[in-house]
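Per-chain numbering from 1; labels A, B, C and D assigned in written order.
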Amino acid sequence: MGLIGGGPGSFIGPIHRIAAEMDREIELVAGCFSSDPGSSREAGESYRIDPARAYPSLDAMFAAEKARDDGIDFVSIVSPNHHHLPAARAALAAGFPVISDKPATSTLSEAQELTALVASAGLHYALTHTYTGYPLVREARARVAAGALGTIRKLVVEYPQGWLAGEAVGKQAEWRTDPARSGPGGCIGDIGTHAFQLAEFITGLKVVELLADLAAVVPGRPVDDDCTVLLRYDNGARGVLLASQIEVGEMNGLRIRVYGDKGGLVWRQEVPNTLTLHSLDGRTEVVHAGGPQLGPDAASRTRTPTGHPEGYLEAFANIYRDFAAVLRGESAPLLPGIEDALRGMTFVDTAVRASRDVSGWVPLTV
Amino acid sequence: MGLIGGGPGSFIGPIHRIAAEMDREIELVAGCFSSDPGSSREAGESYRIDPARAYPSLDAMFAAEKARDDGIDFVSIVSPNHHHLPAARAALAAGFPVISDKPATSTLSEAQELTALVASAGLHYALTHTYTGYPLVREARARVAAGALGTIRKLVVEYPQGWLAGEAVGKQAEWRTDPARSGPGGCIGDIGTHAFQLAEFITGLKVVELLADLAAVVPGRPVDDDCTVLLRYDNGARGVLLASQIEVGEMNGLRIRVYGDKGGLVWRQEVPNTLTLHSLDGRTEVVHAGGPQLGPDAASRTRTPTGHPEGYLEAFANIYRDFAAVLRGESAPLLPGIEDALRGMTFVDTAVRASRDVSGWVPLTV
Amino acid sequence: MGLIGGGPGSFIGPIHRIAAEMDREIELVAGCFSSDPGSSREAGESYRIDPARAYPSLDAMFAAEKARDDGIDFVSIVSPNHHHLPAARAALAAGFPVISDKPATSTLSEAQELTALVASAGLHYALTHTYTGYPLVREARARVAAGALGTIRKLVVEYPQGWLAGEAVGKQAEWRTDPARSGPGGCIGDIGTHAFQLAEFITGLKVVELLADLAAVVPGRPVDDDCTVLLRYDNGARGVLLASQIEVGEMNGLRIRVYGDKGGLVWRQEVPNTLTLHSLDGRTEVVHAGGPQLGPDAASRTRTPTGHPEGYLEAFANIYRDFAAVLRGESAPLLPGIEDALRGMTFVDTAVRASRDVSGWVPLTV
Amino acid sequence: MGLIGGGPGSFIGPIHRIAAEMDREIELVAGCFSSDPGSSREAGESYRIDPARAYPSLDAMFAAEKARDDGIDFVSIVSPNHHHLPAARAALAAGFPVISDKPATSTLSEAQELTALVASAGLHYALTHTYTGYPLVREARARVAAGALGTIRKLVVEYPQGWLAGEAVGKQAEWRTDPARSGPGGCIGDIGTHAFQLAEFITGLKVVELLADLAAVVPGRPVDDDCTVLLRYDNGARGVLLASQIEVGEMNGLRIRVYGDKGGLVWRQEVPNTLTLHSLDGRTEVVHAGGPQLGPDAASRTRTPTGHPEGYLEAFANIYRDFAAVLRGESAPLLPGIEDALRGMTFVDTAVRASRDVSGWVPLTV
């Protein structure tokens, strides 16, 4: 694996590295960690890779790696959003499959271009919607698919954070609040896309229209930092999506509640190892990660016995494990791919447009 | 105290009785528990009052009680919504102060009439927004007022229930889903009003416009059972109100989160004895009911030491305690009154209207 | 009902009053609230009873109340421990049934005398082990009795508090740490007895021997404030009882976990409205107060629907409700009585003796 | 790194591999995974190492690895307890530092021999007390050391599990309940040692005497599966250690509560990313992993921002990270070493002896 981005000060770069390597199916061996050659070299040292393989440019990396017998098999893109498309374009052109941080691009038109590029390249493309890697998210999906909740009628997916409640200070905050780098969506692109995708992932439903109210709450902020979106799904189910980065005290509170005519379920990212299931007769069951109640989608992606908490890195590793599987020619139907990329950017684009003049429902058409 | 409503099968009647009497400042001594004389008599027995004071009609009760030296000092109205106005009108005309279950009436025009009646009668009127009786709700209000959260920017108030996810079976369910008895609002009137009032109570802000999406999710239901309402407050703060009665497994999950530019707070009705406070520097403090951190509004309404849980009945009793205070001529500034009645019904009316054609923001004007 | 004790500054007096009256089967009408006549009068006012029935002495109360047609039917003893026996003796001699705060007496020999007195008087005697009044404690007992856990093998009952971690300041703290008033047991008598009784109540098992290690942790304290007791039950099951009043931050953390060869259960007093059940196959079920899963013992002692929390006062009221039932000649098999009184004091006495020289198992023989 | 043990069916082998490699400072390159050559080869494949480096014997591994320029720098011992000493002896003799699963050996005399071997070899030895790797455990230790709790008076450390409540089925269960392989301690050695060490780690106190009651609850089990141990620390503080493997429904519930004269703290392994701190004035603070309140011991061992849960594998990785540091000649004062090994086995030995005839306090002398 070659990393694109993840240079000095990156939060997500080292996390991709750990996640990718956790199951020993992937190894980080090269990278173009920064557009600044010195920074790229410095990052290469921190990742403990061969200094010769910390490249100053994408072109250099692709050329050199293709020339090696033991060159990289794919690239992982972890740079800010506006770099995603150029990086993916170059990688696909050079014949490398791509796994990319989300959102897939910074604009919808870029996502459309990317979709076409992936199709014409005939190469694998995956999107790291990390939270779908949690075993109990996969269990939730399997339970819904098996009919445990009956027909889905309602869902509430929330993604509260508080880290941008003050001034945007630091590398992470700066690019995420700069439309030139993040795209037109701020919070809606950064975390709203996770919530949108998670709800579709668990329920198997697709959003067909939405009503969005996005705002920049912190004075002077050029992108949204607080989002309320009403959703309608293709079976008529009602959804509410709340995402915010100004809710002081909230950390990374992604959570989802799904209700059907027979039951309900609740999952929370910050306590990811339990899934609560309700049934219409008043019974409440708690399902534990690693426990005997889990189906194969969850059980096969669990590394520790019940009571030994797995967390964010393990969920992330499950995404890479799926990606390694598809690269080997195996099936990994739960791995988010280019369709999620396009849907996600369509969601961001539609929500941003809809929010300019909140005047009712707007179709979400991919 | 004389009870109006609360006949056989009533959930809320016995609860009002317990709450009213808990602090021994009020005693239930009379009632017109049902429009059916036999049922009223039967209920009188179950409440263990003097059989002679279980009246067959309001007129009979008011006449007889006024003739007694030890007659009732006020009435408590706990009948279904459509009875609220006639009962209050008769009581006020007979010179009795009124404490009433919410929503205050079944329609906005009734609430406007009631407002005028209360004003002209010059008698006390209170509305049992039970949840404002919880000590930690009052503490939350005090902390916000003292500036602990800074300027309020955002709040999320949710009231999920699941008990109407199936067919509406039983006395409680039947009248609440019948517009002739409940009024045009179903869920929005039954529990949405609590959420609306709680948020204004804690923050001191007033809603100035809203965007509402109400639906009858259960097929054939003539009133809404699932509500999403976006709120704007008079200081520009953004609010989201979610209320539902079809979320299977949810019991009585009223909860509120409030965020300012300096801090945040979280309170949940089902675990009412803790209040969580967050500050911008990352600190999280848990405040306990009965503990030494509480201010006078909370401390004066707590009956047990920390760790001895108080609950719904004690919160309810605090409302009656405030009402007893105002009847004695004392001040009870936190007691919900006729203004809350009118605001609540304006909220229901505005939300129902706004939801008929979801096309943007609608002013809420009282 | 006539109250004995509960004078100015009493925590438990007002709580008994609320609990006794909650279901309108009992009314506080008289009392000898203090051995100081002025204090008794003052307390009478605070309880809002007829001033003539706030008596300066037990003799005065018994004489006057027996002379009335509407005199009290029983007394409730809420004074410090060393008053329990004299008060009960006088009441029984005067022909009044007794309900008493626990521990029943301050010494074992007093409890033995009391047992004989109750037997010879042929009058009802009940002990307010409040926590057995919680609906889910009764549900737990019913589940164990029905075999849901199989054969009980192990239990852990804990009662951590922290309010005596510093100097014993205030009326409550002072008498509880004074052996002349509390008896030889401090923490073990005050809260250890609750834990001991709760475990026997839920499991139906009886302790046959124990190993105790009690200590006065706060320098200079003349009674124990931290207790560890190992228990053996009559079926061979192993128990651990931890009680402490010096665990800073603990409030009133009574909790119990019971394990059999087929399942386990967990209940916590501070979140009393859920009961967690585990089965050997890895399933975890959460049972909610007020919900449809409850058996009659719990359901008949619940006043509110699921999600409307009941707490300590309602649990206490259930004890009084049972006492009212037995006074009416009905059965109330779950009401703690004189056997619990004697067992409890035997437990305290045995634990205090055993702890003087911790040298192995000591039989608990009633 | 070369692994000793961790062959087919091992739970702990793959976990050591993930933990060791997480921070890219260590790589698994060789192993003697089983005493059966075929099994060792098979395991080597599953770990994806060079087949030539999956050795059939320790001798073969040490000889071959010493002959390589890129041979292993140390071994990690993850085989059942009775193999620990022979494996460590051989490794030390061959000049390899050792990191070992706990308990260090199967008997105390073996631990004493091991202590001497380590001393004479002059090589690093570490013991994987995983739970001390959790950032908030290290934070707890730092807070205690800084005096936040005042003088420690009391602690309760519990390690409940339920997985051995039935028959011991499967590889993990079988060797752990076989004294020939586990040593004389069952539960006390397997998990009691973790609890013992965690309490000393956090408080800095040392146990000086104990009273133990161990039992084999499951009929026919030849080792203890349920343990109660009373502890006295060198400053006079009182401790209670509960460990069990027959508590149905408990998963891996290690938790600790520590109380001083100024404050208290609570930490639970199953929700490892919060630490609760209480102070004598009634304040409760919740500290979050990854948050700004953490001191350097915790902050330097955290890989993700607050709200992104880390778990068991990350805690384990912190132990390896410390070991890598000491191998590089750096300081890692929190890394458990040979002293913990000897203390742990002394604890097991003392507890097993003490429990044969429970007759009071037994000194714990290392």
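We take it that a residue touches a chain if its C-beta (ideal position, glycine included) is under 8 Å from a C-beta of that chain, and two chains touch if they have at least 3 such contacts.
Since the model is a prediction, treat every value here as computed from it, not as a measurement.
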item	value
Counterpart interface for C-D, drawn from A-B, A-C or B-D and sharing over half of its contact pairs	A-B
Chain located farthest away, centre of chain A as origin (C-alpha)	C
Between chain D and chain B, distance of the C-alpha-averaged centres to the nearest whole Å	54
Distance between chain centroids, defined by C-alpha means - chain A, chain D (Å)	35
Residues of chain C touching at least two other chains	250, 276, 284, 288, 291, 306
Chain C contact footprint on chain D (complex, rising order)	149, 153-154, 156, 160, 162, 165-166, 211, 213, 215, 217, 226, 228, 230, 238, 240, 242, 244, 246-250, 257, 259-264, 266, 276-280, 284, 357-361
Of chain A, residues touching chain D in the complex	11, 14-15, 17-18, 21-25, 47-48, 161, 163, 250-253, 269-273, 288, 290-291, 303-314
Footprint of chain A on chain C - complex, ascending	276, 281-288, 291-293, 306
